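Please read through the structure below; I'll follow up with questions.
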């Protein structure tokens, strides 16, 4: 219970900057400064920054879609399996000798198609999003096994790695630049476009939105399909990061995405959150992960450090800020 | 504009027949009041008109052409707008966005034009005497009264031909109500058709030209206001014996000053209230009157441990207290009936029984830590009977009850507990006229039993009717305390609004 | 609907499904109906079933309640237990201390969620990392051999009572009974449901929202710890990564059992039936030589299928009885 | 026809599919029905569940590549009580109730060969890091210990600066190796201890443009590492032939079922060379580790 619950404006207890974004920015700055200092410059090495940007970008791209889905009050926990399945489908095309130009659309279409399946189950089947996507999480993974048999696909064109990961534009690996571009577009879209505002309205109060003539089904459909599309794209980038499709490709991925989004301040009950938050949330998680190796911490402590940092960073702000519910 | 006609509208919810063949004609340039007991079917009728629910039978024609609204967008396109009884808000969005949700003004590429929207809505805010700074506030940071004003602004914004208000003033005080009436009158003269639902009979005579009374889902009568007097209305409505509404119920010329039960001194929380002193004696009803946003609820919440004050003291029977949460306040003997029924009051999907006993679960413990289910049921049935809650039985989900009956249930939840101080925030919000008098009797009885009762209300006649003393608040501060002869409507209103505001 | 949130539709549907699944498998392999097979299904269902009991409470408490750290708690509990046993602590004491530790781990979750007010999914994700890391640190990353421990201890996971697995008769069923009673028979259960339905209203009705929810996390930590102990005894091995797959499965079981993720609904009875369905399907598929990759997929189909069947049933019921 | 059930650590990975091939070849040749069932992740419980259901089904013989050496001891005993032959292959089960163990190659030989390959590639000295799979995988941990032992004994110029765990996931391996490369700028070599770590590490090295400067080697199969051997990032890796391992296991079981005792050195039809048997531990040993380089990377498993 806090002030906001009762319908009064929030009065901060500590003189800290307002808002989740500011807090994440500070956290990030502290982490970067700390790791930068104690890693003897290793943090600022080209290799490390590239690494950091590439893995952040691959999480961030689906996280954009996840943010929109969560803003509508939904969630998709099948994203990891979806990534695995699109990688398996697209990878099979590569293995069958398809050209890059022919296969890239396969990734995107497969992703969008799987997102559509989720959307239909949720909207037409009236299945709560967690349940529907928990279901497809296992079904998609099963299909991965069927598609791959038990062979991993290794015939991934090296050009993927070169184009997305190795090549740089403006100091950034191409994939990082793409991710950044997508974040900006999505952010503008959510903030300034009618549809974007409808996403928020829907997440705040679906019944009211419906009464106001907004069609929740269409927006939800678009959100899940877009998440699928972005996941398909991320699958392609994953193969650029490491050129092999395994049956386990993408497992564990969804928690990382959801963690980044929620850390960024998007509410699980919908209607609240921003792209900037998601971007910062992603970076914080990745930097922590990175720092543990760079600071030569014994890897068993990896999880402990990550856990403590998340609790400390978020706890500090949430104690006064999450009460708004 | 063409008249809207409803014919033979029937709506059933499972076994309950909410509407049982309702005919209604709305004529441009007329304000049509809809009356009826709690649960009579008024809100349901409204939701049929706006396409929020589809009737089982019956037809709607607009200007002679039959319309079948299956989606609210269609009703909206046909020029019908409504302010619903239960506020429909987007809590995390700004007021501006709340007003324009679904009807945003856009420029090229669908870019939302916030500036243009703000300039369109500003004149309306002015008419309603709302500050323009409100537009950037987050909706959830406003009190429910302000939210209601925003929703009214929203309905006016739509520029609809038929505008429906479902109990808009149940939480508004006199001044806001007056401003709303001026606007409604102008809309009417403008040729719109207005539907106005209320339980305050005095309002009907002020603005409505025609009255339709619903009883148990049926139209029990329709008449021009000019042909009706209060007694007739009441008979029409429920056949209840009329009561002298709006006047003190018994002689309370010189209330004996009971010993103070709750004493608040110098309570301050920046931005919400400053230096508030409340003196609440046992055995009496202390009314708290003020305009929406005058900080009454916040002070009450502080006494109830739900909102920490920055300065000041709260004393219960002479001993200073600082309850950390409502549970602790309740243990000390303080109760609070919240103003926002939907968000702060009911457990919508849970049975009436659980709602009624939510505050007293701890008392119903049988052997082995088991809940005493029979006891709970009996208690619920007792409350349902005593407070005359209209419900099929105690197992029905409270969310399916009419607004007024939900409110009665919440009142019953608190009135049924043994406490030292009970603060009632808008206790009769949405309660029909017959029952309202009953509730007032209950409140008086509680006080007579030795309880210190605080009634926060935006309904001046109500405050006058139940209170022994009245605390008047304005802008987060106490303006004065009226007792005995000073308890007259004009004086209280004048101080609540502020002399300067009156003059303007 | 029962005042404490019990709804019959889903349990009935699940019971029907369990019988159907069993009948289906029996067509392929009639001997699946043997006592040994039922015993095995029980043994493999019990641990995740216990975790799901605690998870049910957490989820039904609302505010997007969820405990992702259950698997890590089970693993850490095993390691703590293993270290204690190897330090020659007698097994009853070691088990008792481990249970205490489990309560503590649950309490950390409770504090993170109710006091620090971190969104449960993030809070328990953080403790998931933390607990799993601690389990690795404490165990040095290796499995701890418990096969040489007292046979009384090993009986916790391998013993039999009246011909049925010890952990089913002596642990799971009593726990289920306790949780069912707690949820549907006590003031705590009802208060938790009300909190899950509308926490503002609950707080203003004088319920201690934080404590109620916190207690659910503590109890969830406890069930995960018991599951961890049973698992260690069953396999004679303490493994830091023992509960690796338990998080999502326990959540799937809870929602399959009819608990809504927005809180305020559901029952451990439904959860128990869902556990039975999953145990039968899981075991039955491998008994019928289905490729194990179909196991997870079939569970996904069930999850979706149940709701697709249930929606029309509920609509029909609403039309008939309301 | 006897039934031989094999429960690998997990299904869906090429290594165990290759073993399954070996099992099936032997099954056809010696007349046995092969059942291949395994969990989809390397889960001890999942493995135990499958072994249990196979025991309940009364197969003739059941065995595992164990996710934990001790966790299946109780089931081994149960199998014995039911008159079912219990074996472990590839990764062993402890205890007295295991009727047959089949080992690909001695752990020592394998670990030493990897380190020798590493030393050759980096010229006998420099900083190196290990990237392993799951931190609890028993055989991986044992190999790491033996590798360190070899370094200490024979290559004092080599220093192990870090051991990281990336699970069975090539992406994690790539990421972790990338981090190692920046954390230890003087790194000379990376040893991948499981089949996803080696290609993952190779990819990271390739991406960082350090191909030829940082050596990558380890234990993995030719299919996974082929692109990196072809493009020169990896010179050699070490493995054994998993098809032969499966085949040998099935042969051994058939011998046991026919009550034919093993000699110390056994001739196995279809396998080149003699197979050693250690009577004390009931262990058949397939042979020496296989070094895979450009010359033989076309092997398909």
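Before moving on, here are some points about what is shown:
Order of writing sets the labels: A, B, C and D. Residues in every chain begin at 1.
Keep in mind that, in the parts below, contacts are C-beta pairs under 8 Å (C-beta built on N, C-alpha and C of every residue); 3 or more make two chains touch, one makes a residue touch a chain.
A quick note: this is a predicted structure, and the numbers were derived from the prediction, not measured.
Looking at chain A and chain B, the chains that touch each of them are C. Ranked by the number of C-beta pairs in contact, the top chain pair here is A-C. The chain with its C-alpha centre at the largest distance from the centre of chain C is B. The mean-CA centres of chain A and chain C are about 28 angstrom from one another, to the nearest whole unit.
Centroid to centroid, with C-alpha atoms defining each point, chain C and chain D lie 34 Å apart.
Note: centroid distance chain B to chain C, computed from Cα atoms, is 44 Å. Of all residues in chain B, those that touch two or more other chains are 306, 325-326, 343-344.
Looking at chain A, one finds that residues 1, 5-6, 141, 145, 267, 300 touch two or more other chains. Contact with two or more other chains is made by residues 136, 141, 200, 203, 291, 293, 296 of chain C. Chains that are in contact with each other form these pairs: A-B, A-C, A-D, B-C, C-D.
Chain contact summary for the complex, chain B toward chain C: residues 13-16, 304, 306, 325-327, 329-330, 336, 338, 343-351, 353-354, 358-359, 361-362, 364-365, 369-371, 373, 376, 395, 397, 413. Listing the residues of chain A that touch chain C in their complex gives 1, 5-6, 77, 121, 125-128, 130-132, 134-139, 141-143, 145-146, 255, 258-259, 262-263, 267-269, 300-308, 310-311, 314-315, 318-319, 321-323, 325.
Chain A meets chain B in the complex at residues 1, 3-11, 192-198, 200-201, 204-205, 207-215, 267, 271-272, 324. Of all residues in chain B, only 50, 52, 71-73, 76, 84, 88-93, 97, 101-104, 106, 109-112, 137, 140-144, 269-272, 297-298, 301, 306-308, 325-326, 340, 343-344 touch chain A in the complex they form. In the complex of the two chains, the chain C residues touching chain A come out as 63-64, 68, 112, 115-119, 121-123, 125-134, 136-137, 140-141, 199-200, 203, 209, 248, 251-252, 255-256, 260-262, 291, 293-294, 296-297, 299-304, 307-308, 311.
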